[in-house]
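In the part that follows, the structures are each spelled out as structure tokens.
Presented sequentially are two complexes of subunit A, the first with subunit B as partner and the second with subunit C.
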Partner chain A sequence: MAIPITYNVRNLRLRLGATMMTALGIALTVAVAVFIMALLAGLKKAFVSSGDPLNVLVLRKGSQAELQSGVDRESYQTIKYLPGIAKDKAGDPLASGEVVVVIVIPRKDSSGETNVTVRGMSPTGFELRPGIKLAEGRWFHTGQREIVVSKSVSSRFRNAALGDELFFGKGKWKVVGVFDAGETAASSEIWADVNQMASDFERNAAFSSVLVHATDSIAAQSLKNRMNDDQRLRLDAFMEPDYYGEQTKSGKPIQFVGTIVAFVMAIGSCFAAMNTMYAAVAYRSREIATLRIVGFSRPSIITSFVIESVLLALLGAALGLILMLPFNGLTTGTANSLTFSETVFSVRITFAVLVTAIGFAVAMGLFGGIAPAWHASRGEILAALRD
Partner chain B sequence: MTLSRFATKNAFRNRRRSFITAISIAFSLLLLTLLMSVYRGFYIDQGPPESALRLVTRHKVSLVFWLPSYYREKVRTIPGVVHVSPWNWFGGIYKDTKPENAFAQFGVDPNEIFDVIKEDRVPPDELEAFKRDRAGAAVNRALAEKHGWKVGDKVIVKGTIYPINLEVTIRAIYDSDNAFDSMFFSTEYIDQALPRVKGRTGTLYTLVDSPEHVTSVSKAIDEMFANSPQPTKTETEKGFTLSFVAQLGNVKLFILSICGAVVFAILLVSANTMAMTIRERTREVAVLKTLGFTRRTILSLYIGEAMTISLFGGLLGATGATLLMIIASKMPNGTFFTGFKVNTPTYLVALAVAALVGFVSAFFPSYSASQRNIVDGLRHIG
Partner chain C sequence: MPQAAEMKSAPAATKLVQANHVSKIFTRDTFEVRALDDVSIEIAEKEFLALMGPSGSGKTTLLNMIAAIDRPTAGELLVQGENVFRYSDKKIAEWRNRHIGYIFQTFNLIPVLTAFENVELPLLLTKLNKNERRDHVMTALTLVGLGDRVHHLPKQLSGGQEQRVAIARAIVTDPTLLLADEPTGDLDSHSAAEVLEIMKRLNEEFGKTVVMVTHDPNAAAYAHTTRHLEKGMLLPG
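== the complex of A and B ==
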């Protein structure tokens, strides 16, 4: 027969001081683990949801990212008129030659300077990214020294609010609009007119990349294959979502450090839980003996104490999650090794993070509780009663 | 029986509890020591004295822009500058993009690079061979050993930024205390393979004669090119490296907040144990008082006991961290860790944290125990 769980809950309540201290220790461990997992979840979301499945991104053969690539204007003309590319209202192909550079600008919170991607494009570029909407102001005008910045760039960097002037390249650029790219890779970018950019950064001979929109998914695939196979063009074509998906590995350093930290802290917390449970067992030796005499079996005593330990850990998990909830949605940035610039993303406590955190706490409770529970079930009944 | 003996004996009374507490503290302090070492490596250590004498000059807008090669000779004219070499990131891929095959390749001037990084040691005959061969390369020993390269071996690195591949012969293997795996080759290799990039360099690497001149030289370089089409930004080697760390995000805050969480967690563990221990001994405290021990003595007894346990844990943790760092740096992919060692000050700080945790965790419960009325204490059933 099982010992009712209320027995465990009451016991935890009885020794409130010890319970709370142990739970808080577990809570801190869970909080650290949750924070790291939420960072990674946010980062992954930013990359996985980037890119349109019908868009094909074209780079020079061998280059890994837009920044290293160069597609000359002649190749651009060839690409533009390949079959399978969708047309806009005026009948021109939906292809955008873009110039991508990285500039260093200071963060607002004076935590230093960081690399930000500036993308030069023609207005066709907006049509290729219908998911990105203007939040404030207007798009830049062709031929003007104007830029539109993403919401997060606008809020994180100095002189990047609507109406401000940002200095880079050969002079000042007026911020005329702020766009909302949701949680995609573009939410860390600044956009400007491609020709202005090319002359400022002396990139007149070539674009960094070309983005084309295919009529359908079969056309997209054949466009990609055709460009990859054409030896004269010397180009690498990627489906846009694949290109961004690859960048998820920027999270590797966080993941590596985070796993070590969470693991070591978890071992420490396991021992803390073990200590508390041992004390609980020692304190209640007479009670346990009574339970045995009344007829509860050894397995049910073990189960009961393990459950108590898991309950303790769950309390810790709940505390840890409450501790971390205010951080949900917080935006932060990290270096993207491929684009060599900052990728902005938000901390996301997703359902998966929640479940993993609880599982993590339960594991701590189990490991901490098994030895004391075993010990409790082994006590000499008569000796304990006489105590 | 002396008081310290009494404290040690007490610490071993409930061996399992003391041991578990010590282990718990040890794991937390292990983490704390590792984090402190990384923090120190990033933000406090200044590296070898030569490192503080080196400046890196890049294009003001960002690293992805070129500087004209003739800047090198102009920089050389600035008083205080001893040596200047181009320092050109190649960004190539060796074999594949797996992280274990990644290393840095730099286009440099073979005649001057080892004067700039003068603490790195190259055998003179190998250095001569490296200078003579325009398709030669110099690699650090750790990198050579990792890939089994010997002098005379051919290595091919696929270009990503440049549309060419590097096909170089290893001419020199140098010894460096720096953890960074790099391959040096002559900038002339790219100039000849790709004439359109001739006359460009990524960054300039400068050695200054004395620490007093570092700031003035760095200022002089930037002022020299301030009004040109390619303005520059010059930083110390350390500053340059830190700018990469800064891009990872707010690493400083990240490390510090985890350190805070760890310290707080061990404080809880230790305080919990001490509270349990002292509660159990309420009657004993009363007996000690009856025998004539003062409150102060009783207080120091319990604090001493807690500190013994936490110091033991601290010793275990800090020593464990030291060993772990050494093992990690010996692993094939562990070159990152060679930059971080647990040094004596870090070790001592870890022990001090342990002692402090022991003190704080024991103070409150033992203070209230020492204040308790003798008669109540004797009557206590625990």
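== the complex of A and C ==
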């Protein structure tokens, strides 16, 4: 049996000041790592949960996003009647030609202005997005200068509450409803009537994109292939979840900077843990010699001190996670390089983030603890007893 | 059969420790220090031997060699007929756990562990289960008169009590040989007498072989035999 863990726990408690200082250092590193991972998890969730697997999004050939795309009205008519598209109750195809533009509006917190996506759609667009529910007010009426805004747009931007008026395009638009899009990409959007939008932004000749709903998954795949292969249409079709999944790339800068910061901090924390453990070894050299005389082998001593270092790091991880818990669920936004607008998402401390953070802390404890533990096991018994 | 067994174990019983021309030479800068100089000694089973001598005479060096903490530079040292220095570090540690109980002048208890946990430490290396370990620890602590102090931390005990816990830790694995390095050096005369009485009892009632290093003639008086070392050499007994 190894040296009991009680020995390590009580020693950490005995040197409470040093233990807490080191644990706090590790906690800050874990907090940074958790924040970055939670941001990315939220962003991923926003995009991955967007899109219906039976929806096919159609863009002009070569376009990466709706904003750069244009699908003329003639092509829209062709697409609408392709086989495999589901029909609504009235027997009309579930296809929505949509106009997407970006407007600049001021934030409520006076931190400046930002780009927000406005989507013009026909009422069929609502049917294609059944997961999105009206939270307040009503949907816009066709032919009216009315808009419905997402909950996060309503809460984050000035003049975007129910009953307010926003000025864009050629005039004022009245906010008649607020929709709840959960944590999907639509939670960063404003919706309006497609024809009013086309008129205001002079987009009468073409839609930005066309969204169609297939009867089943085979039909969806077949629709996608057919539109991609038809040289006359010159279109690119995407399964809607794949299109949004691709946009998680907008989190790459956060990931890149965050990883570097967390890595540099982790190196610092490893040295802090190492320093604390070297001090512990020096302070307890006589105890270590006694344990050796009692019969504990060198590997037992190494294991014991590495465990102590890992316990120290786990304490840091727990503190770091406690520091970050108030940020869980916090709504924030990032610039999406594909849509040129802000994507709103929530900071999400998921189970995977928790496990990764703990693993990260354990790694810091191991790297910080191995050298002092090795040093502890190699000490001369006699020299230690004479100290 | 019992007779045959006794006959077989008889030589080991008479010579538990055999040091043959053992020397230990340290090099400090360019000087050679002879901590032990051609020492030959035999310690019989169940003996209580006191090693005396001035500081630096080599008493503790000899004791540490018997415990295989220190290696001789020359000569041969056998404990129970075995030259343990041929073993690996791990095997020496196991051997020490099984056969040696070591008592230090400064007690060397682990400050964060209770009396019970300190005494239990050597048993963690055995195959005993938790209940068996508890029984052994309680027996050892009761034997040294501390059955009612099991949950006390070392800092909550007096010096004499700490040394008695250290004795309990040394005997809990039922070792053959008890080695004590100035066990009363840090104690008042009353506590010293208590500790020496326990050691005498362990020798007489439980048949433990005791080798004790001491400066104190009163402590040495508890031993059957006293040998003196001077400048690393064992004086004729």
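Here, the second predicted complex is superposed on the first by the 386 of 387 C-alpha atoms of A that agree within 3 Å, B and C clash if a C-alpha of one lies under 4 Å from a C-alpha of the other, contacts with A are read in each partner's own complex, and residues count from 1 in each chain.
Here, a contact is a pair of C-beta atoms (placed from the backbone, for glycine too) under 8 Å apart; a residue touches a chain by one contact, two chains touch by 3 or more.
Since the structure is predicted, the reported quantities are computational estimates derived from the model, not experimental observations.
Visitor: Just subunit B (first), just subunit C (second), both, or neither: which does A:Ile381 touch?
Guide: In the superposition, A:Ile381 touches subunit C alone.
Visitor: Which partner does A:Thr6 reach: the first (subunit B), the second (subunit C), both, or neither?
Guide: After superposing on A, A:Thr6 lies in contact with subunit C but is clear of subunit B.
Visitor: Which partner does A:Thr22 contact after superposing on A: first (subunit B), second (subunit C), both, neither?
Guide: first
Visitor: After superposition on the shared chain, which partner residues are touched by A:Asn275: those of subunit B (first), subunit C (second), both, or neither?
Guide: After superposition on chain A, A:Asn275 lies in contact with subunit B alone.
Visitor: Spot which of subunit B and subunit C makes contact with more residues of subunit A, would you?
Guide: Of the two chains, more subunit A residues are contacted by B.
Visitor: Looking at the overlay, what does A:Trp139 touch: subunit B (first), subunit C (second), both, or neither?
Guide: neither
Visitor: Touching A:Tyr76, do we find subunit B (first), subunit C (second), both, or neither?
Guide: Neither subunit B nor subunit C is touched by A:Tyr76.
Visitor: Between subunit B (first) and subunit C (second), which, if any, makes contact with A:Ile267: first, second, both or neither?
Guide: first
Visitor: Touching subunit B and also subunit C: which subunit A residues?
Guide: Correct list for subunit A: none, the interfaces share no residue.
Visitor: Report the residues of subunit B in contact with subunit A in the complex, numbered from low to high.
Guide: 16-17, 20-21, 23-25, 27-28, 30-31, 34-35, 61-65, 91, 93, 97, 99, 158-161, 163, 229, 243-244, 246-250, 252-253, 258, 261-262, 264-266, 268-269, 271-273, 275-276
Visitor: Which residues of subunit C touch subunit A in the complex?
Guide: Listed in rising order, the residues of subunit C that touch subunit A are 64, 67, 69-70, 89-90, 93-94, 96-98, 102, 104, 106, 108, 110-113, 117, 121-122, 124-125, 169.
Visitor: Report the residues of subunit A in contact with subunit B in the complex, numbered from low to high.
Guide: Where subunit A meets subunit B, its residues are 17-18, 21-22, 24-25, 28-29, 31-32, 60-64, 67-68, 101-104, 111-115, 168-170, 201, 234, 252-253, 260-261, 264-265, 267-269, 271-272, 274-276, 278-279, 332-335, 340, 342.
Visitor: In the complex, go through subunit A and note every residue touching subunit C.
Guide: 1-4, 6-7, 10-11, 13-14, 286-287, 289-299, 381-382, 385
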